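To keep things clear, I will list the structure first and then write my remarks on it.
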Amino acid sequence: MNFCSDNVTGVAPEIMAALTTANETIAAMPYGDDPWTGRLDGLFSEIFEREVAVFPVATGTAANVLGLALFTPPYGAIYCHTDSHIVVDECGAPELYTGGAKLVDLPGADGKLSAGDLDAAIGAAGAGDVHHVQPAAISITQATEAGTVYSLDEVAAIGEVANKYGLALHMDGARFANAVAGLGCTPAATTWQAGVDVLAFGATKNGALAAEAVVFFDPARAETFGYRRKRGGHLFSKMRFLSAQLEAYVSDGLWLDNARHANAMATRLGAGLAAVDGVRLLYPVDANVFFVEMPRAIADGLEADGFRFYRMKDNGRTTVRLVTAFNTRVEDVDGFVASAASHGAGARRA
Amino acid sequence: MNFCSDNVTGVAPEIMAALTTANETIAAMPYGDDPWTGRLDGLFSEIFEREVAVFPVATGTAANVLGLALFTPPYGAIYCHTDSHIVVDECGAPELYTGGAKLVDLPGADGKLSAGDLDAAIGAAGAGDVHHVQPAAISITQATEAGTVYSLDEVAAIGEVANKYGLALHMDGARFANAVAGLGCTPAATTWQAGVDVLAFGATKNGALAAEAVVFFDPARAETFGYRRKRGGHLFSKMRFLSAQLEAYVSDGLWLDNARHANAMATRLGAGLAAVDGVRLLYPVDANVFFVEMPRAIADGLEADGFRFYRMKDNGRTTVRLVTAFNTRVEDVDGFVASAASHGAGARRA
Amino acid sequence: MNFCSDNVTGVAPEIMAALTTANETIAAMPYGDDPWTGRLDGLFSEIFEREVAVFPVATGTAANVLGLALFTPPYGAIYCHTDSHIVVDECGAPELYTGGAKLVDLPGADGKLSAGDLDAAIGAAGAGDVHHVQPAAISITQATEAGTVYSLDEVAAIGEVANKYGLALHMDGARFANAVAGLGCTPAATTWQAGVDVLAFGATKNGALAAEAVVFFDPARAETFGYRRKRGGHLFSKMRFLSAQLEAYVSDGLWLDNARHANAMATRLGAGLAAVDGVRLLYPVDANVFFVEMPRAIADGLEADGFRFYRMKDNGRTTVRLVTAFNTRVEDVDGFVASAASHGAGARRA
Amino acid sequence: MNFCSDNVTGVAPEIMAALTTANETIAAMPYGDDPWTGRLDGLFSEIFEREVAVFPVATGTAANVLGLALFTPPYGAIYCHTDSHIVVDECGAPELYTGGAKLVDLPGADGKLSAGDLDAAIGAAGAGDVHHVQPAAISITQATEAGTVYSLDEVAAIGEVANKYGLALHMDGARFANAVAGLGCTPAATTWQAGVDVLAFGATKNGALAAEAVVFFDPARAETFGYRRKRGGHLFSKMRFLSAQLEAYVSDGLWLDNARHANAMATRLGAGLAAVDGVRLLYPVDANVFFVEMPRAIADGLEADGFRFYRMKDNGRTTVRLVTAFNTRVEDVDGFVASAASHGAGARRA
């Protein structure tokens, strides 16, 4: 009954089974020179309907910043949302891996950057003037930190801005599966077909033990990735165990099945709560994360009933973040709604 | 029959079992706020017979450079062996994590630094002179890249040099278990009791999937570790799975049992090969890695028989690195020796 | 007739004379081991009424970022104004010198940060949480990029915020002389007495060839400055020529005399322009830089008459930055006003 | 009577005059948008007999490391001499400016790298293997720290090694004028015609106040220099005063005249000392720096007579570095020799 995050979950059974299987091989050459890793480029190229270069890493932060580092010189600027993970939650990792580039953050409704705002900001940035950091990349998060999902048109419009200024477009896809499931589109449609150059393809939150893939849609631009990953300390000796997770994750549709379940649980939870007196959804429920505002009494009551979640603000009314996952149970969702209802104003009046 | 490295191995069954058990818990708070991680400080404090601060990471490079980063300013110098992993095999990770510190490497017999050479080099380094990088740390590897093990006195002598100049003493313990098993000493004796300030305590090569621990013998000096680990992208969301590996590894003596087995296999293999005509051990066999020089014909013959190992130099005579591990089988060791003997000069003459 | 910036000026005669005199000495030991540099600590300690540590550098950017680097770890955050030089005009130098710290910029009226906004932002920053960069310093500019000057109370209020959170307070004093002259206060009053820890004390814009001083109000905290300056490439071999500039600059009140003249010219220019029909001052004229909005016809006319200045925005009405300096001539100021008036609406109507 | 270094000197009269003249212009646009700077590319292109891109900076360290930074990725390696300035005397500046590249230093007779040693080291470096830093540049010093000068053939042979491996060739020319004067060659012959890609062209030691030029022999490769210089804090606002120094320095042959004088004084001093009983030259006197070994009594006697110089080692016999400069006087040279002779064994016996 923990709705704090999708990273409170353990490992999906299919992925745990893949680890066990991979362990049956007595010896495998290290650092990616193993059959599991060898299969990844092909698997991901199929999923994305074009030749891609894929590199496994173990954390979302590593995936994000290693991807960005290839496109951003130390005097460069990365345009991103004020609430994005790279700005708020990575303790300066983008600056470390780029050698000191600047994150230029912009606000935006529903956790999304708008193409117009980006165009205006980049256009005024002073490209070519040595006094100013130079626009190098745009980073968007799909699904966003607000739990919303960029439409295909929204991504494409941002892709056009990137193209206009010759910038790279990076996508933080910690919850990429949830976004694709939410959009009902192909993985290609919301990435390279919309102008994305590099994707941090998340798996950990959606069932892996610790595995993410950095996907470059133009393999030629990934040339120096290996060196940068190694010097970041992110090259695993027993790489087969990262690759086996990713292989299981993208095989047989597991990644989308898991995401669809998580999204469905969020939709159910959101709908249930929206019907509770005094509870208000702050953003659309596009994926598996959403925010609701509720009377503090309800939040307190839910906690008293054993439910866990993050409380963001707490001034009379409480803002709460709720996250569902691949293993969220229907009965816990329904129990949450029932608990909320039981602590609401209507209930208290009754 | 792969003797290339101890990282070609998979996961020890006890550790795989621990992962499976950890996965039975539906939800655990992320980023180390889980019971497995919560137990580590206590476990390691017991093993090292003093209060320590322990931080799990997933790669040896990360363990090394995060440990060094806390003691080395960007204008600092780290004294280390010319063949050390941080110099040769980390693609600049120490420089990245320290913000540009310099590795000052010194040669040394048997893969070891000598206290006297260190004293001379550091004494001549120009401490206090702004033109020169400033001595900040000494790093030694236990067991070394040559497969040798520093005696307690050798470490203590280096500890005294570190102390004399006010430097930190770092130990790369990727094969720490093998060193302790080889020495037959307590873990305390070859670390803090000899002046070591921070240890990269390896587990991956000795049975873990991907887990290392950075151990600070003065917890007060570890204060900024958390920030540095996070900005390196090395803070795992599902941390329980790192910690569970480490817990299983240090419980019930698994780490030392595994190391003793690996060492015994190396001793057996070394003794067997030394008896083969034309084969010569280059260093003492102190742990689970060793180097032999052999006629090229033997090396070729071994490979033809399906044995794998690294060939370092190949000019008439061949230098070969051999590594045994927790799961090396006696029959493979004996088979290796028999194969070598069968391809040797004596055999060919016969 | 160039009002673009105070850095279009040459060298004040007193400072050029000091360079000539310094050159009469055949040999002086390099890197600051010369008599001129030897006198600086004493001179600045007198000016600031306490013992300070002073380090000459040659550019304002170097002065700013070397000062900040001593107080900001690579995972740190520096709070500063959105329009500050370190954010806008240093192409990432603060990130380079701190090893990747983040500038957290806040807007603020009249180019100033407010203590309240800082308090709120720092209070919400997540100190102690490893996911977030850690508040380390506040940087304010005195006089500001808007040409305004913080009052003593305004600085002191910010000093209290810095103190409340244990942060360092840095002052970018590229136009510090103009600020002190404008306030009519002691140099101590607007710096350490108000909580400032380190000052980038500018001289270049106010008559030096290329000289700035980094002033630490607690010499003990400057310990590592020398190493950081050297590795930045900012330690001059013929240091006497930096120090001689600074010595002449702060001797006999030259720095304040020059600043008073520049400020007086700005006041005269501002008052003259404010009386021109259609011209509007955007901020108070507190020092030697100010901004006016005028009809485009006036801006065009001024340029046609040979006056130079920066045009910031140009949409019907034009925003213009005007800067006076130690060598601005009264006749050029009056000529500027007359030209503006001659191109104004009233003039055209006449 | 100071033979410590050529940086104990002041400013050559022609350069001081140029500064005075440059100061007669009331206003010049900042940051290099001035006529003096505008003329530099043309002047240097003429001197080097091809189109070059020139960037003024103020220190030799800045010139070296900014030049290197353009050719060396953070995971790169720079091959250089063990005694080179970038290794020994820049407190980690190359690491800072490259973002953490590694200096791989090699010994070499007479302060010089040999092409053969470089070829062997680079060939064994593991290019393409992600575990190892990647060879990116070779740096040589002309004249060397030992005071010797590479012959044209020696540079060309190194240039061929650079070319063979696709590395950049950097030349630290802090004493480039002395080298060219010593070789009696064209500036082109010992630089781009021998394979040099970027030159740190020194002026400070040879008569400037503080001015060096970074010269790129392929202007297209200098594209990002401006950003890197600015973020290093090395872009001067009153740039005309750097450029005016460089203009005077390379006009009318001043740079070579000054160097020829310094070299002649060194030759005279070397010859005089070599004739003193018990004094031995350690390297050929190719330029204006040389090392002699002498009985400690002579070194002591010279100091007692008021001569200043650096003592490098002092164990019975003393190693002394002697440096002459553009303003060294014949009488001081002869006086030095006479003093040495008067304290020598022969004199004492007399």
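The letters A, B, C and D name the chains in turn, as written, and every chain counts its residues from 1.
Throughout what follows, a residue touches a chain if its C-beta (ideal position, glycine included) is under 8 Å from a C-beta of that chain, and two chains touch if they have at least 3 such contacts.
Quick caveat: nothing in here was measured; it's all calculated off a predicted structure.
Novice: Counting only C-alpha atoms to place each centre, which chain is farthest from chain B?
Specialist: Following the centroid criterion, the farthest chain would be C.
Novice: Determine which of the two chain pairs, B-C or A-C, is joined by the larger number of C-beta pairs in contact.
Specialist: It is A-C, judged by the count of C-beta pairs in contact.
Novice: Just give me the whole-number Å value for how far the CA centre of chain C lies from that of chain D.
Specialist: Whole-Å distance between the two chain centres: 35.
Novice: Could you state the distance in Å from the CA-based centre of chain B to that of chain C?
Specialist: Measuring from centre to centre gives 52 Å for this pair.
Novice: Report the inter-centroid distance (CA atoms only) between chain A and chain C in whole Å.
Specialist: A distance of 42 Å separates the two centres.
Novice: Can you pull out the residues of chain D that are in contact with at least two other chains?
Specialist: 74-75, 90-92, 95-96, 99-100, 130-131, 227, 230-231, 235
Novice: Quick one: in the complex, what on chain A touches chain B?
Specialist: The contact residues of chain A facing chain B are 1-2, 4-5, 7-11, 16, 19-20, 22-30, 57-62, 65-66, 90-93, 95-97, 204-205, 209-210, 227, 230-238, 241-242, 308, 327.
Novice: Quick check on the complex: what are the chain A residues that touch chain D?
Specialist: Touch list, chain A to chain D: 31, 73-75, 99-100, 130-131, 134, 224, 226-231, 235.
Novice: Quick one: which bits of chain A touch chain C in the complex? Just the residue numbers, please.
Specialist: Interface residues on chain A, with respect to chain C: 74-76, 88-92, 95-96, 99-103, 130-134.
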